[in-house]
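First chain A sits with chain B, and in the next complex the same chain sits with chain C.
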Partner chain A sequence: MMTEANRNVEKLVRIADERFDAHRDANNRYTDRMLAYLLIAEWVFGVVLSLVFSPDAWEGKTRILNIHVPLAVLLGGAIVAVPVFLAFVRPGWTLTRHVIAIGQLLTSALLIHLSGGRIETHFHVFGSLAFLAFYRDWKVLITGTLVVVADHFLRGTFYPESVYGVTNPEWWRFLEHAFWVVFIDIVLVISCIRGVKEMRRLAEQSAELEAVALSHMTAGAA
Partner chain B sequence: MSASNSGFDLAKVELEPSVWKSMTKPQFEALPFPERIRLVLGRKVKFLRKGEEISPTEALRGI
Partner chain C sequence: MMALPISRRDLGLVSLAVVWLIVVVGGMAYTWRYKTIPGKAAAAPERWPAASELRRPSGRPTLVLLAHPRCPCSRASIAELARLQAVVGSRTHSIVLFLRPEGMPEGWERSDLWSRAAEIPGVAVVADADGREARVFGTHTSGEVLYYDRSGTLAYSGGLTGARGHEGTSAGFRTIVSLVRGERADRREAPVFGCSLDTKSAELKGRT
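Right, the complex of A and B next:
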């Protein structure tokens, strides 16, 4: 038979679990919205980039719109559409943050392409991974990293100018980029795990303080 | 308030009637959560900071 003390322990453990889940869910929803706005801003930035750096191309003596402009508008729009939709329709959902991770790193890939593979634009990948760490869910970083690796490998093989800005990069170039991505991933994964532990500790601390209050009430009643 | 002047640095846990075991803060926090709750609810734990007993509320408020 369950005693009053055991019932109180169970109740407080359940309260701590619920507070932890609520805190985590609120953080996921907040990050979903924040990254949705970021994706929209990056899309606009990509369009501006294409208009400023390569608005025109030439076909003989005829001036035509460079392919980068419709690419930035249409492909960029397609990349951000689904994650932004999910962020507002299904915030806090596990799939939402993974789709946002895919969208964020594909946006990095598009910006790298639009800048002609400029090495400075590759820094956007590191920024994207840092933003994804706001979720404090290391699995989201793995999804983002897989997108970077697949993109660098495929474009590096079939369209190297798009990712490295040169037509004949060393075969191991993608490994060098992958090394730095894994390097930052290790740091961010550690920070995610610590962040989750802190959230758990806060939930437990509040339940412990309730236990103290309850013990005073019990002692007063006795 | 910094970590050094908040919370507790030692916990004394009553394992059996009148048998108390001293634990450092990390040792106490490593106990399973339901066990910590049980100790607090049953008033079977005393908290100390710099050798002086402090209230459980004061002890547990500091992370």
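Right, the complex of A and C next:
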């Protein structure tokens, strides 16, 4: 038979769970919106980059439109369109944040193209992973990392010279490049797990405070 | 009738995400395919051409890079040349020839790319009026590098980048470093990526 104390504990756990779920959902929705605006800004940045630094290509003395411009506008637009759409139509949904993670890392790849493979632009990958850590969901980081690994693996397989500068690299070379991504992932995953624990602890403390306040009010009324 | 584990609306959104993924991965694949289509290779003379007006110092290898001054892809080639110069230093005599096509005014070739090349220590920057030297060296694509050894024999022809307008290690870069160091080079040629130096080149239309 359930005692009064057991009922109180059960109620406390339920309130803590509700608080935790509400906090996590609010964080997911906030991060969805934040990253949607970031994706839009990155798209605009990519278009400006192509228009300012490489709007034209040349054939002798004939000027032609550089493919960077349609790539930035159309492919860049396509990359951000669905993540942004989901962020506003279905915020907080699990698929939304994974699609945003894919869009964010594909944006990194596109910006690397548009900047001519500059090593500095590769830092965008690490920035992107750090932004994704705002979700405090380590599975989103795995999705983002898989995009980077797949990009290197596929390019290393079909266009090895463009990645490694040799035509027949060892099969494991993509792992060497992925290593630094995994390195930051380890730090971010630990941070995500700690963040979730922190949210859980705050939810429990909040529920306990509410219970204490309620018992004082009940005692006062009696 | 069995109920779906997710709503019709969410099912539609999942389908949208799958189609989106296929489209954007296809777009990225197209981008990479495009970036790895080389320009027309050079038919460079095996010996330093006597018809060239460039001076080749005896006893030192000579590197000639032919570039279109306004080719956006060649920014990567110039950046790689800067890296290469930092490695090989004064062991090579390096020249960057910037095309000035026929009919274009003097100074047209002095672009930001010219300035960048001129800032590289140990590199001489020269205008190639009417593309004369480009014809003498048999080159057609911006970013083409010709490396003549100290005896004046062609040891390497090709680009310094592994893809179109893309910085990073390349077969050409490694080959030239090996040659300068007197090591055995794996290859004598590599693809070149850049704008066409020829005004009429229908087969390269649309490529940078």
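Simple rule for what comes next: the second predicted complex is superposed on the first by the 186 of 222 C-alpha atoms of A that agree within 3 Å, B and C clash if a C-alpha of one lies under 4 Å from a C-alpha of the other, contacts with A are read in each partner's own complex, and residues count from 1 in each chain.
Heads up, the rule we're going with is that a residue touches a chain if its C-beta (ideal position, glycine included) is under 8 Å from a C-beta of that chain, and two chains touch if they have at least 3 such contacts.
Predicted model, so just to flag it, every value in this text is computed and none were measured.
> Considering only the touch criterion stated at the top, classify A:88 as touching first (chain B), second (chain C), both, or neither.
Touch partners of A:88: none, neither chain B nor chain C.
> Does the superposition put A:172 against chain B (first), chain C (second), both, or neither?
In the superposed model, A:172 contacts neither chain B nor chain C.
> Is A:180 touching the first partner chain B, the second partner chain C, both, or neither of them?
neither
> Looking at A:201, would you say it contacts chain B, chain C, both, or neither? Reply first, second, both or neither.
A:201 sits against chain B, while chain C stays out of touch.
> With both complexes overlaid on chain A, does A:37 touch chain B (first), chain C (second), both or neither?
Neither chain B nor chain C is touched by A:37.
> Using the superposition on chain A described above, determine whether A:113 touches chain B (first), chain C (second), both, or neither.
So A:113 only meets chain C here.
> Quick one: classify A:79 as touching chain B (first), chain C (second), both or neither.
After superposing on A, A:79 lies in contact with chain C but is clear of chain B.
> Under the stated touch criterion, name the partner, chain B or chain C, that contacts more residues in chain A.
Answer, by number of touched residues of chain A: C.
> What does chain C use to touch chain A in their complex?
10, 13-14, 16-17, 20-21, 23-24, 27-29, 31-36, 68, 70-73, 75-76, 79, 99, 101-104, 131, 142, 162-163, 165-171, 173-174, 191, 195-201, 204-208
> How about chain A: which of its residues touch chain C in the complex?
Of all residues in chain A, those touching chain C are 53-54, 56-64, 66-68, 71, 74-75, 78-79, 81-82, 85-86, 89-90, 93, 95, 99, 102-103, 106, 109-110, 113, 116-119, 151, 154-155, 158-159, 161-167.
> Any idea which chain B residues touch chain A in the complex?
Where chain B meets chain A, its residues are 33-34, 36-38, 40-43, 56-57, 60-61, 63.
> Any idea which chain A residues touch chain B in the complex?
Interface residues on chain A, with respect to chain B: 5, 8-10, 12-13, 16, 201-202, 204-205, 207-209, 211-215, 218-219.
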